[in-house]
């Protein structure tokens, strides 16, 4: 009965089909590696606004501009 | 000073009054079982979009359709 | 299918029976307020070392000493 | 490679500049105290609706009214 | 730069090799479905004591006994 | 009344004094940037075993060896 939380930035229009793939993929992973029944594996996806996500001491967008700069 | 996080699917119009009940109920539970002062018990409710919640390897809505099917 | 996470400080010897009460209480709360089936309500309790919990800008123990002082 | 999650109530119009300050401040803190490289410190800010945040057994707004009352 | 948190019960001796598989599998999943670079995907695994995990209103072990009974 | 969660790898002997610095620093940051009262800012530090933390598709230690290699 694992619980998986996936946090991603909200951008680029993640579709319901892609989310379904993430849910299935995470459940399958726990089943394959640890023999956990998918029946009770819960997956929660959080989409985080770009300005609320930081890396390298910067908001993501500033970080990407700098990385390219 | 416990911290309680309640994640539920965003559906069916959970009202502010129901949220207040969840907050009071969680604080009371910690007070009753562990004698924690409600004064410093923090409760955070997260409402998660249906398409972002998975169980049984499927998004919730697909899971429910299958369970009924 | 709610998910409830309860974080408490690790102190005073919380017993398995008390944890069972927290689990039952949280499931009952979601059933009572939002009509969620306890069958799929997941509860995870985290016990956090005292030195890892802060409030008022201080680790819990220093905070309590100050509050009493 | 620390991960920092900051949860605040959604109110008062937190600006992107303030969020950038939180991200930089959290990264700097980990660098100063534990010598963690900011390059791999991730910061995620969650803004929580007022009615979804409870303290003292009450939703935040009711709590504040009572505290003043 | 996704962040993935996998919570499982601490039982049955999950090996470092299995944890490495979970980490690789979660990174690969995000790369495959959303084209996220594994370089910045963070995965954190939490192992939760059995008595701290509840489902169906019961601690996991009691739940399993009942399910079999 | 913010809630801050800081996850770090368990290594190198983080001292209680360093944890106290993290707690104070996080509270001060929220006070400075958003004028949040430190009195109700909660900080929880999680120390995660090295083998439970992954980046770049690898457990941290393997990742570091590769980065140096």
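A, B, C, D, E and F label the chains in the order they appear, each numbered from 1.
Note that in this section a residue touches a chain if its C-beta (ideal position, glycine included) is under 8 Å from a C-beta of that chain, and two chains touch if they have at least 3 such contacts.
Everything numeric in this text was worked out from a predicted model, so none of it was measured.
Asks: Chain by chain, through touching neighbours only, how many steps does the shortest route from subunit C to subunit D take?
Replies: Steps on the shortest route: 2.
Asks: Rounded to the nearest 5 degrees, what is the angle of the rotation relating the C-alpha atoms of subunit B to those of subunit C?
Replies: The best-fit rotation has an angle of 180 degrees.
Asks: Would you kindly tell me how far, in whole Å, the mean C-alpha position of subunit F lies from that of subunit B?
Replies: The mean C-alpha positions of subunit B and subunit F differ by 26 Å.
Asks: Could you work out how far the Cα centre of subunit C sits from that of subunit F, in whole Å?
Replies: That pair's centroid distance is 21 Å.
Asks: So which stretches of subunit F touch two or more other chains?
Replies: 1, 3, 7, 22, 26, 40, 42, 44, 53, 55, in rising order.
Asks: Touch graph across the chains, line, ring, star, complete or other?
Replies: Topology of the interface graph: other, matching no listed pattern.
Asks: If we use the touch criterion from the header, which chain pairs count as touching?
Replies: After working through each pair, the chains in contact turn out to be A-B, A-C, A-D, A-E, B-C, B-D, B-F, C-E, C-F, D-E, D-F, E-F.
Asks: Once bound in the complex, which stretches of subunit A touch subunit E?
Replies: Touching subunit E from subunit A are residues 1-9, 12, 14, 18, 21-22, 25-26, 29-30, 32-34, 36, 40, 53, 55, 60.
Asks: Which bits of subunit C are touching subunit A when the two form their complex?
Replies: Residue positions touching the partner: 1, 3, 42, 44.
Asks: Can you list the subunit C residues touching subunit E in their complex?
Replies: 16, 19-20, 22-24, 26-28, 38-47
Asks: In their complex, what parts of subunit A are in touch with subunit D?
Replies: It is residues 7, 48, 51-59, 62 of subunit A that touch subunit D.
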